[in-house]
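Two complexes follow with chain A in common, the first pairing it with chain B and the second with chain C.
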Partner chain A sequence: MSDGARSLALHGALLALLLAGAFVLPAYHHGVLARVMVLSVYAAGYNIMFGYTGLLSLGHALFFAAGMYGMGLAVQHGGVTPALGLLAGLGCGLAVAFALGLLALRTAGVAFMIVTLMFAQAGYLTVLYFGPYTRGDEGFVLQGAQRVLFGFDLSDAGVRYIAALILFAAVLVGVLALVRSRFGRVLVAIRENEERARMLGYDTFAHKLGAVVISGGIAALAGAAYGLLFGYVGATFASVQYSIFPLLWVLLGGAGTVIGPFLGTLFMFYLIDLSSGYTSAYMLIAGVVLVALTLFAPQGLAGELRRRIWRGLP
Partner chain B sequence: MSLLQTRALTRHFSGLKAVETVDFDLPEGEVRALIGPNGAGKTTFVSLLCGRIPPTSGQVIFDGRDISALPAHRRINLGMAYTFQITSVFANLPVAENVALAARRREATSAGVARAVADALERVGLGDRGDQNAGDLSYGHQRLLEIAMGLAQAPRLLILDEPTQGLADAEIAAFKALVRELASSTTILLIEHNMSVVMETADRVSVLNFGQILAEGTPAEIRANPAVQAAYLGTA
Partner chain C sequence: MDFGPYLLLASLEGAVTAAVLALTAVGLSLVFGVMRVVNVAHGEFFMLGAVLAWWVAHLVGDAHPAVGFLLALVVAPLLVGGIAVLADVTVLKRVNYDPERTIVATIGILYILQQVTLMTYGPDARPVEPPFNTRLALPFVEWGENGLQLYWPWGLSTTSYKLAVIGAAVVVLLGVWGLMARTRIGLLMRATQLDRDMALAFGIPVERVYAMVFGIGAGLAALAAVLIVPIQQAHYLMGGDPLLLSFIVVIIGGLGSLPGTVLAAVLIGLSDGIISVFFSPTLAKILATLLVALVLVFRPQGLFGVRRA
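Let's turn to the complex of A and B:
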């Protein structure tokens, strides 16, 4: 089987499984998977920058929150439809990512990590500062008609699952196309050896800026969708914790693989979920498993798959 | 006419005059060797040409156009290709993808890219290594890959920084043949320590010493030049 056919089979099978899950999963896991799918879209966005371009951002909550608040405030205070709200969230994320990229990409390495972290903290504090509109830490709830998208009521669990799956599938296909495109291959070249890529005639700054905008856009889309699907917009999602999560998920699942962000998000969620069923010291179990995984599968779950079985895994 | 010219090109590193007011002319179609003792400023000079480092002062003129202010990638897009002295390949990517990255800027279709990749790898003798990771190649083969990446860009000016360093005798012989074959279609600037390569491939030789052009001429003239002998060849 060619790489293209194998890739189609693998990612197609994942989407088919998730679709089947809509009908057979028990209610609890059904709800978990809807959440995991949206969060793994966030991780997939993070992966464009970290996994494919080699840019380690510690401030992605800024984009997630820009999407979430762009949508939430437009719907809550602007009175727009949820569909327009999604677009507003995406637009906010793209604009913030573009501005941050222009500034942060003047630095590299550790300085880049610190600059992104600081901008994200500034974003978090901005949310708190405008408390009268954002309701700060407490956040606000979207209700009733605010969650009816194209006539589908997202407060219904079945509808919500399908909506999450559609978003997940669209982003999965989009990312697959991106990493196989010329642009995506240049991003990988920049990750591997930026100076060489530049001396092959590629404008590496423009490519990195493109990666930040795409990555931030996807993260914002995930944030907007999360707020709409689960009906809540709050400052927690702008906090540093939500900048670290996608890094963890992507590392666990396999940086620089298309399927990795989903695997990592799913794994992490169930790891905490299951271990907390046995003991109140569940973070200890989670920690030990994370250390073991880092020791024995440093490339993450999908990274191991690539290393051992299929070198051409996109 | 000259494909490449420099006028009073200068680069100082905090007091060290690495390249000092160099006027250099390279006519289109010529194979020019750049030789000189270690530390003479050869790599700094070609880095100024392709924009890897900015000059302290002076001009670089490519194809009649002043490119002194252009960033490196724009200069490469005008038809320069640069191969690194210390091999700088994409170690974790397959050999074929390394060359494909070089070819994609000018080839619009994936079939065209595949053809250019196969052709470039064949010419340097790495035709059967396309699937290997570049980092798994021996040092000599990584040098050949560097050259293949240069070829795949189909440049008007190919700058090779010590391309035969670490190559076996048979590979050096093949490299000489490759340069002679390329000479009909490409202008080549070659930094080289191996005198047999210089004598057999270069149309003319420029000698750099302490950041300045010490002498210029045919290989035979350079070999006979007493100043060059004193600075460089006498010890070889």
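Let's turn to the complex of A and C:
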């Protein structure tokens, strides 16, 4: 099989499995998987910047929260329809990503990480500061009618699963197309050697800015969808923890692979789910996994797959 | 109270914050300067210092509070320094101090330390009794009938312990300066900071210097925490704010420059105290984080740093 056919088979099989899951999974895992799919869209957005362009951001919760609050505030206080709310969330995320990219991309390496961390922290505090509108840490709940998208009631578990799957599939196909396009290849070239990419005549700043905007846009879309599907908007999703999570998921699943973010999110979600049954200190697992990954498997699950079995894994 | 005494009170509170912040941030700055490593777990070393101080004071029990406190002042930094050295040898050394992987690893260490504390010490905030705590009323000047005269406004006071914290921080900072500038160990550290490979070529055991610097940096954070814990309480989540503020201070002061770090700590500590009294603390934090991000973007060498050629 050619690389293209194999890639089609692999990702097609994953989507088919998930579709079959809609009918056979027991209720609890059904709900978990819907959550995992939306969160792995967030991770896929993060992966564009971290995995493919080599930009390590510690502030992606800013984009996730921009999408979530862009949608939530528009629906709650602006009274718009959920479909417009999704667009508002996406628009907020794109605008924030563009502004942050313009500023943060002037720095590199460690400084870039700290700048993104600081902007995300400022964003989190801003959400708390406007407590009367955002309800701060407590957050607010979207009521029934605010969650009916194109006539489908998203508070119904079956509809929610399919909606999550459609979003997941769209982003998966989009990312596959992106990383195989000319633009995606230039991003990988920048990750490998920025000086050389620039010498070959590519405008590396414009490409990196494009990566930040696409990555932030996907993260914002995930945030808006998460708020709409699960009916809750809260400041926790803007906190540092939610900037660390996508890094963890992508590292675990395999940075720079299309399927990695999903694998990492799925694995981590069940790991934390199981361990929180035993102890309230479940973030301990996240810490141990992070340290173990940096020490023993910096390429993650899909990275190992690529190294051992299939070198052409996209 | 009038505006003047209010301002004096805010500055005094700010000075205590600044003293503790200077110690914590110098630890972070030392690690960054010598090892070129951003230690995200620094706040957790601070938290560990406070928790261990409670533990030591608790073990000593009924004796005079000063006994437990003085013991904690010695034991907590040493223990925390030991843990840091262990983390350096087992984790950081093995990823070769690669900047990005080190950040990810120290985020992992952050969660491990924090959550293990949650599992053993629990979610409560616990106080440590200060060794001495006399209330000192302070005078202020006003324009009276006979020209300038002293008066004692109600509520304008501090405690002897708070003044002692400021004094102790100054002594420790002078000690760190002496260590760096006047001793052989300091010389080795500065040599490693200037050029790691050249230092290695001259037979300096760079790996041992790194382990020691990481230990000293964590120890300073722990020491700062022991000093502050009689004023604040020990809690497993208390590491977040010192970490953020230390980052702010280290960046404003110029990454890796010790005098700049101290100067920035005084500036940030005082302004944090004053702004929090007169405005919303959340707003103060928003402005401070934005300021740091913008300083990094437009003046990466820090406000007081010198641009390297």
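Simple rule for what comes next: the second predicted complex is superposed on the first by the 292 of 314 C-alpha atoms of A that agree within 3 Å, B and C clash if a C-alpha of one lies under 4 Å from a C-alpha of the other, contacts with A are read in each partner's own complex, and residues count from 1 in each chain.
As a working rule, a contact is a pair of C-beta atoms (placed from the backbone, for glycine too) under 8 Å apart; a residue touches a chain by one contact, two chains touch by 3 or more.
All of these numbers come straight from a predicted model, not from anything done at the bench.
J.: So, does A:A177 touch the first partner chain B, the second partner chain C, both, or neither?
T.: In the superposition, A:A177 touches no partner, neither chain B nor chain C.
J.: Please work out whether A:A16 is in contact with chain B alone, chain C alone, both, or neither, and reply first, second, both or neither.
T.: neither
J.: Which of the two partners, first being chain B and second being chain C, lies in contact with A:L8: first, second, both, or neither?
T.: neither
J.: Which partner does A:A83 reach: the first (chain B), the second (chain C), both, or neither?
T.: neither
J.: Check the residue A:R196 against both partner chains and state whether it touches chain B (first), chain C (second), both, or neither.
T.: After superposition on chain A, A:R196 lies in contact with chain B alone.
J.: Is the number of chain A residues in contact higher for chain B or for chain C?
T.: C
J.: Under the stated touch criterion, which partner chain does A:A157 make contact with: chain B (first), chain C (second), both, or neither?
T.: After superposing on A, A:A157 lies clear of both chain B and chain C.
J.: Per the contact definition in the header, classify A:L103: touching chain B only (first), chain C only (second), both, or neither.
T.: second
J.: Enumerate the residues of chain A that count as touching chain B in its complex and touching chain C in the other.
T.: none
J.: So in the complex, which bits of chain B are touching chain A?
T.: So the residues of chain B in touch with chain A come to 50, 52, 71-73, 76-77, 82, 84, 88-93, 97, 100-102, 104-105, 149, 153.
J.: Of all residues in chain A, which touch chain C in the complex?
T.: Listed in rising order, the residues are 56, 58, 103-104, 106-107, 109-111, 113-115, 117-119, 121-122, 125-126, 128-129, 244, 247, 251, 279-284, 286-295, 298.
J.: Where on chain A does chain B make contact in their complex?
T.: 182, 185-186, 188-189, 192-193, 195-204
J.: Quick one: in the complex, what on chain C touches chain A?
T.: Counting only chain C, the residues touching chain A are 38, 91, 94-95, 99-101, 103-105, 107-112, 114-116, 118-119, 123, 244, 247, 251, 280, 282-283, 285-286, 289-290, 292-294, 296-298, 300.
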